[in-house]
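Okay, so subunit A shows up in both of these, paired with subunit B first and subunit C after.
== the complex of A and B ==
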């Protein structure tokens, strides 16, 4: 069994090393020429655009109005794939809930590990609970920043949602969420479904052209359609059209979905502890 | 020169920690080794000008997966048979 694991490790590493040869050189996404397509959309050298990634790198900023090319590929050019990924995550959360939800529903939900006088958890040291108290808002703010600025700087819905969910993990480990799990679970579940529904609804909003078409980009500044300057710049928040909304929907779905997984598994762990008589 | 040497050292650390993850019989040690691999991989992604992937790896690989695996190890056995 161990030998099979090591063999598969080396096989995957081999495939990755073969794949590296097909990539662009690091720091030179456009080869040796760093020319941009101007506002009128004229291709200066159309012979050079021979692959899809060259096309994205040269036209992404002008067509989608997003300074982050990765976000423009993930949410605009390949938005349908992102919807598939989000649906897969939704399915995973649903199946985990199907396995673990009955234990949450039937649990007597009375044990509260917090000190009623101070509100701090009792079975953790002060270092852990105070550290969580300081760190949790910062983690949440950083995750929200990643989600909201997904079309301007590195980040986006998936990354920001995962960062915020790691804040939930911190909250669970340091025993801040111990009571009212059933209610917490229901709220999280509602917002997770809402996120995916908003994503698919925004996809249908652009159905006049295609599903998930970015119909708001480069239209008017009032509806996130500000026309941006081409080339390296810091960008504007109200650009990129549909991308910030899709990013918000995905961030919501990922945050609450991963939090549901964490809450369910933590609940199972606590139930075992309870049956062994370790909670008074 | 010095950055490429550091880069190669980091790549070797990734491979070694990945093999340690398979090698350990103590599953908690295996999870910690996996977490170290994800953390070093984050630095490598950042060095390769891929901050999007680096953030995803740090959030999911280093933080969330470790947390879920620790809970799973606690719910089952700690030693691999």
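== the complex of A and C ==
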């Protein structure tokens, strides 16, 4: 048994090291380095384009109106892939709550860990509670900024949603979400489903061309369709068409989905404490 | 060989994860090993798209076009996908570990399979 595992390890390492030699050297990926020469903004602009990445870099800004090429790849060129990913996240959240729900259902669901006199959590110092009051709005604002500016600066729906969910984790460790499991579940799961539904609905809105086609880009500035200058610019919030809306939908789904996971795990830990008699 | 140095790091990271996957007996450590393999794969994608002196593929307040080099955008988009999926699957695996512990009062995979005297 030991010999077999050693052999398989050596085989895996050997395959990996042999595979390295067939790759291109680090720092010299395929494609044209000077892909931006003579960019005119014509419709099919494939001069100096060698690979798919070159195409995205040269034409992404004109076709989707988004400054952030990664966001335009995630939400526009490969939007269908992102829809599948959001569905996987939805499925995972659903199965986690389905698996954990029988073991976290409490008889005393409305037990509140806060001191009725002061309104602060009982098993946490005042520093953590006050710090939560300070930090939670800031974390939410930063996450919302990442989501809304996803097509202009580093960020997007997934990152912003994860940052906002860390705010939920802060609320949990300072014992602000301690009771009313059913109500929390209902609110969070409603908004999570709403996010995914908005994403798929926006996909169907562009079905005149293809599913998830960016029908708002480069139309009118009132509907997020501002035509931006090619090349470096200062960034306009009302550009990129459908991308900010898709980013918002994904941000909503990720935020509430991760919050459901965190709340489920917190309630499981609290149930174990309750069974051991550590909660009065 | 210095051109391939980052690839060697990737291989070592993945190899470390596989070693932990094979030799650890605790379920939670196995989940962590899968996470290590996954971060090795993320680093591999990032290495594939790296270009010296390349900026992030974002045009907001970027340098002028004449001397603008950008790293490849598609590997970064794939990493974005991979991180979220990795988080979701590791949360699911940890949930399974929790349920296993609640039912069997152990996380040791040999005890779970009923093997008493392995080598």
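Here is the rule we go by: the second predicted complex is superposed on the first by the 229 of 280 C-alpha atoms of A that agree within 3 Å, B and C clash if a C-alpha of one lies under 4 Å from a C-alpha of the other, contacts with A are read in each partner's own complex, and residues count from 1 in each chain.
Operating definition for what follows: a contact is a pair of C-beta atoms (placed from the backbone, for glycine too) under 8 Å apart; a residue touches a chain by one contact, two chains touch by 3 or more.
Note that the coordinates shown come from a computational prediction; the quantities given were computed from them, not determined experimentally.
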Greater subunit A contact set [subunit C / subunit B]: C
Which superposed partner A:146 touches (first subunit B, second subunit C, both, neither): first
Subunit B versus subunit C as contact partner of A:266, first or second or both or neither: first
Partner chain in contact with A:70 - subunit B first, subunit C second, else both or neither: both
Partner chain in contact with A:166 - subunit B first, subunit C second, else both or neither: first
Partner chain in contact with A:154 - subunit B first, subunit C second, else both or neither: both
Partner chain(s) touched by A:82 [first = subunit B, second = subunit C, both, neither]: second
Contacts of A:59 with subunit B and subunit C, given as first, second, both or neither: neither
First (subunit B), second (subunit C), both or neither touched by A:235: second
Subunit B versus subunit C as contact partner of A:92, first or second or both or neither: second
Overlapping contact positions on subunit A, where the subunit C interface meets the subunit B interface: 2, 5, 9, 13, 26-27, 68, 70, 154, 156, 158-159, 162, 258, 261, 265, 268
Parts of subunit A lying in touch with subunit C, wherever the complex brings them together: 1-2, 5, 8-9, 12-13, 16-17, 20-21, 23, 25-29, 31, 33, 36, 39, 52-53, 56-57, 60-61, 67-70, 73-74, 78, 81-82, 85, 88-89, 92-93, 95-96, 99-100, 103, 152-154, 156, 158-159, 162, 231-235, 254, 258, 261, 265, 268
Of subunit B, residues touching subunit A in the complex: 15, 18-19, 22-23, 48-49, 51-52, 54-56, 58-60, 63-64, 67-68, 71-72, 74-75
Touch list for subunit C against partner subunit A, complex: 3-8, 11, 14-15, 18-19, 22-23, 47-52, 56-65, 68-70, 72-74, 76-77, 80-81, 83-85, 87-89, 91-92, 95-96, 98-99, 102, 118-119
Interfacial residue positions of subunit A with respect to subunit B in the complex: 2, 5-6, 9, 13, 26-27, 68, 70-71, 146, 154-156, 158-159, 162-163, 165-166, 169, 172-173, 258, 261-262, 265-266, 268-269, 272
